[in-house]
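Consider the two complexes below, in which subunit A is the common component and subunit B and subunit C are the respective partners.
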Partner chain A sequence: MESIHALKSQDHSSGRLRKDKLVLGGVIVLSLVTISPIILIIWKLVAEGYRQISLDFLIKNTPDTFEAMTAVANGELIPGGIANGIVGTLLMVVLASALAIPIGVLTGIYLYENQGSFMANLTRNISDILQGVPSIVLGLISYLWVVKHITMGFSALAGSVSLSIMMLPMIVRSTEETLKMIPESLKEAALALGVPYHKVILRVLIPTGFSGLLTGILLGISRILGETAPLMLTALGSSTINLDMTKPTSAIPLLIWEFYNDPNMIGLIWSSSLLLMAMILILNLVSKQLAAKRR
Partner chain B sequence: MTISTIAEVKNPILSLKDLSIAYDKNYAVKNVSVEIKKNTVTAIMGPSGCGKSTLLRALNRMHELYENITTEGEALLNGQNIYEMPAIKLRRHMGMVFQRPNPFPTMSIYDNVIAGYKLNGIRTKKQERDEIVERSLRDVALWEEVKDSLFKKGTFLSGGQQQRLCIARALAFSPEVILMDEPTSALDPIATSKIEDLLVKLKEHYTIVLVTHNMSQAARISDYSLFMYLGELVEYGKTKNMFTNPIDPRTEEYLTGKFG
Partner chain C sequence: MNSDKITKAVLFSVSILILLLAAGMLYSLVGGSLSAFKTFGLQFIVSGEWDPTYGHEKYGALPFIVGTLITSFAALLISLPLSFSTSLFLGEYYRGTRVARILGILVDLLAGIPSIVYGLWGFYVLRPMLIDLGFGGQGFGIFTASLILAIMIIPYATSLSNEIISMVPNDLKEAAYSLGATRLEVITSVTIPAARSGIVAGYILSFGRALGETMAVTMLIGNTNQVPGGLFDTGNTMASVIANQFGEADGLKLSSLIAIGLLLFLMTGLINAIGKLIIKKMN
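The block that comes next holds the complex of A and B.
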């Protein structure tokens, strides 16, 4: 009797062991499936793109198609670089941030301060809907508002406006969530010192949640860095560096699209994508680091 | 009135007259009249939910942060109705210390002590600031422990040290009254006894109102005690008398541990 009992329980535990192993195997397979695209992408970008990366790539404008054709025919690297795109991207991202950050942070503070009020709920819902609007539609809107009526033509300003609308809801949300995570006791500590409410927000809550706000902002920036569709309808592109906000301007993702459409420029697609991807990865890593430090 | 005894207090710094406070029409404090003597420690006791915190927060108007609050009756600080002065000004006369130490995590020890000035944008000379910081930290017996690390974050200190830092922050304004809501309930016995010793010293210069649900703490350090039950002030008197000879049967039940 005893031995049968022992046998049975052994059987039972080996069955469970097998189940555990199955689950573990499944988890490993699934996580490989999840991470393999990103590994394949990075591997492909580096393998195909590294050759074109050089100082020239960062400081020279895009070559014309004839220069590129000659170089390719001679088996040389394509001359020139994507400085016009790098500068355009930075210009538009900086302006988009300058528009979206103050408005987004103030709106986030408003939502935090007015939990449950009708206007706050409405604002929050509208912001959530905005987050779901396809970026090409934001490009269209900006085309109608800015290209048609303000700059009277394609412009960096129009590009920035479409990007800033895209960034706005992310900043609103992350500001509100960050403020909500700050313990009530800190607010009370400041109020009990006779600090007026607006100063409590500016001098206690914002500094305390600063890394959280920054995380949201960096994620927002990394989101708009690679946006292409809205820029096609607004910034259009430019083959030289342009610093005039009212003129057509290039951007890295716009260049990638242009290279794709020009058989002679194919060689620049990968290096441009590699640079863009690296910028986005770095922003993501920095914001992850900040978020981790907060805990 | 249900108050069995009202201590005769000469020279009251705070007098409450029929003070009632309701959240959404639910009265948490009912018709409390009390006079609090200068340079004493007054303990507010009673079972959980009886309105201790609400009463304490009504004294620096922190209770107004909640929505739908109504306040009836009067509270006078040195004869002036506190509900008729600006809350911000009042709070600088009434320091507050909370249940859990809450130093500002982004600030150094030094900045935490001087936070009342900094956050309010009150300009002071560096020398004056240094003096305020040293005096306040000495007052809470923290100076010797932190004088070499004044510019480190306050959150690196132990729980007891953090709470003393928070007391120092309240003292920096030289308030008249310090309101404390169970300031030692999150601390270990050694840290607790340090703070208790401190309160006894601090009453030389300040008036302390202390919410506690620790009866032996009230017995050890308070001069006067209030016993509250269901929002009412049941008994108020010299702590010694209340503990040896409570007048109201509910006080006696509470003190002998029959409820609470």
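The block that comes next holds the complex of A and C.
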């Protein structure tokens, strides 16, 4: 009797163990499924895109659709490159950063200095909500503000404004989080020496938290590099290099969209995406490295 | 002392700027959509008609509201088992190991891929696969868009649930182990109940992400302006209709698109606020 009971309970526990193993197996399989897209996507970009990557690709403007058609018909690589997009992307990212970084860092400092105050909580909540606003809506906003009233037409500035609103909440958040990790005593020591407040910010807080701030900024930039939708409503695009921020300007993601819609240019979509992805990956890895070093 | 006051004033006014920015956004969206709401009233939200024919233009946002909700819900459902398993892998089973670190980096990279690249991959890789599997037509539609959206929102749900799951106190779990519980029993009876609200918040926030995704959806959903009849029908989301029709829009049509933008702004704001509130309650 006794032994039958023991056998039964053993049977029961082996069922539990089997279930345990089964679930672990399921978790491993599903986790592998989760990461497979990233590998498949990067594989596709490299496999289809590497042939077009060359010096010309980086320093020449986009070909017109007829040139591309002739090249494809002759079985050659499509001539030209995406220099107009590269320059446009850099121009807009620099402008957007110039707008978003000072405001974002100062707001982050304000939030850190006024923990718990009503204004700080309100600002933090609003900034969090701004972070969730879809990028296409930011494009509409910048269209209403800049395209309609400031540059009187599609422009790099309008694109930058929409991108900067996108970056801003990320910088606010990362600045506050970084400053919170700086030991209070460091700031108190400076204040005890009678250092004026703005110097405490410039000479103590910002230098000590620099790598943290930089991480936030780089991540912010990597988020806006690939944005397409807001630029379609604001920067529009341009077939030549443009450095005038009041004029329509191209960007790498905008070019990808144009190539996608032009059957003759399909050959260029993968190489452009590969370049864009490489830029984003490098920024991501650099900022991760910085963050890891801090810990 | 005086310079301190100036510094404080500068910091204060910059943060006021953020509030003004948000208020200005709302103001401009409302202002821009005024003529659509004046013309159609509340009909705008419940009408399923989208007819740009000059002379008897009629615009209703219902097809896009329904399209947005269906694609986002479907994406959430598809991503749920994947992101939940991944967060268990990262936060529970292999927490702190090298494998988990690498997997975590790869999942984070998913968040770095631009929407338009997802769209390309969906168009050239996923869509042909779906056609081969016997899905009808050209492979465009709500389901294809949801599938790509599901991949796109995985990192958002995963990173939050993983964080919360790995924060569950060890002694709670150890107590359960000491009573003879298996790993699975610890997860279902200790980890999940302790981390429940954080996990839910993560999924709410990733749902909010899905609502506003534009490019990938635009490239895969088929872009038709009627209320979708089912998961395999073509349609449009609020974001994709703006991207699609903005180029040739002016007057009443532009105002209607801005009104859709306003509705999208309010929807995502609400969803995000709920998610953030749950997180705040937890702490």
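Keep this in mind: the second predicted complex is superposed on the first by the 265 of 295 C-alpha atoms of A that agree within 3 Å, B and C clash if a C-alpha of one lies under 4 Å from a C-alpha of the other, contacts with A are read in each partner's own complex, and residues count from 1 in each chain.
Just so it is clear, contacts are C-beta pairs under 8 Å (C-beta built on N, C-alpha and C of every residue); 3 or more make two chains touch, one makes a residue touch a chain.
All figures in this text were calculated on a predicted structure; none of them were measured in a lab.
Considered on the superposed subunit A, subunit B and subunit C are sterically compatible, since they fit side by side.
Once the two complexes are overlaid on the shared chain, A:A83 sits clear of subunit B and of subunit C alike. Looking at the shared chain after the overlay, A:L111 reaches subunit C, while subunit B stays out of its contact range.
Of the two partner chains placed by the overlay, neither subunit B nor subunit C lies in contact with A:A251. In the superposed model, A:M279 lies in contact with neither subunit B nor subunit C. Judged by the touch definition given at the top, the superposed model places A:T208 against subunit B, while subunit C stays out of reach.
Contacts of A:A156 after superposition on the shared chain: neither subunit B nor subunit C is touched. In the superposed model, A:P196 lies in contact with both subunit B and subunit C.
Of the two partners subunit B and subunit C, more subunit A residues are in touch with C.
With subunit A as the corner point and C-alpha centres for all three chains, the angle toward subunit B and subunit C works out to 110 degrees, nearest 10. Minimum C-alpha separation, subunit B to subunit C, in the superposed model: 8 Å. Contacts of subunit A with subunit B, set against its contacts with subunit C after fitting on chain A, overlap at residues 196.
By the touch criterion stated above, subunit B contacts subunit A in their complex at residues 60, 62, 65, 87-92, 95-96, 98, 100, 102-106, 115-116, 118-121, 166, 169-170, 173. Those residues of subunit C whose C-beta lies close enough to touch subunit A in the complex are 3-4, 6-8, 10-12, 14-15, 17-19, 21-22, 24-25, 28-29, 31-32, 81-83, 85-86, 88-89, 93, 103, 105-110, 112-121, 123-125, 151, 154, 158, 182-185, 187, 205, 208-209, 211-215, 219, 239, 242-243, 246-247, 257-258, 261, 264-265, 268-269, 271-273, 276. Chain contact summary for the complex, subunit A toward subunit B: residues 183, 185-186, 188-196, 199-200, 203-204, 207-208, 210. Residue ranges on subunit A touching subunit C, taken from their complex, read 16-17, 19-20, 23-24, 26-31, 33-35, 37-41, 44-45, 103, 106-107, 109-111, 113, 119-120, 122-123, 125-137, 140-141, 144-145, 165, 168, 172, 196-198, 201, 222-223, 225-229, 232-233, 253, 256-257, 260, 269-270, 273, 276-277, 280-281, 284, 288.
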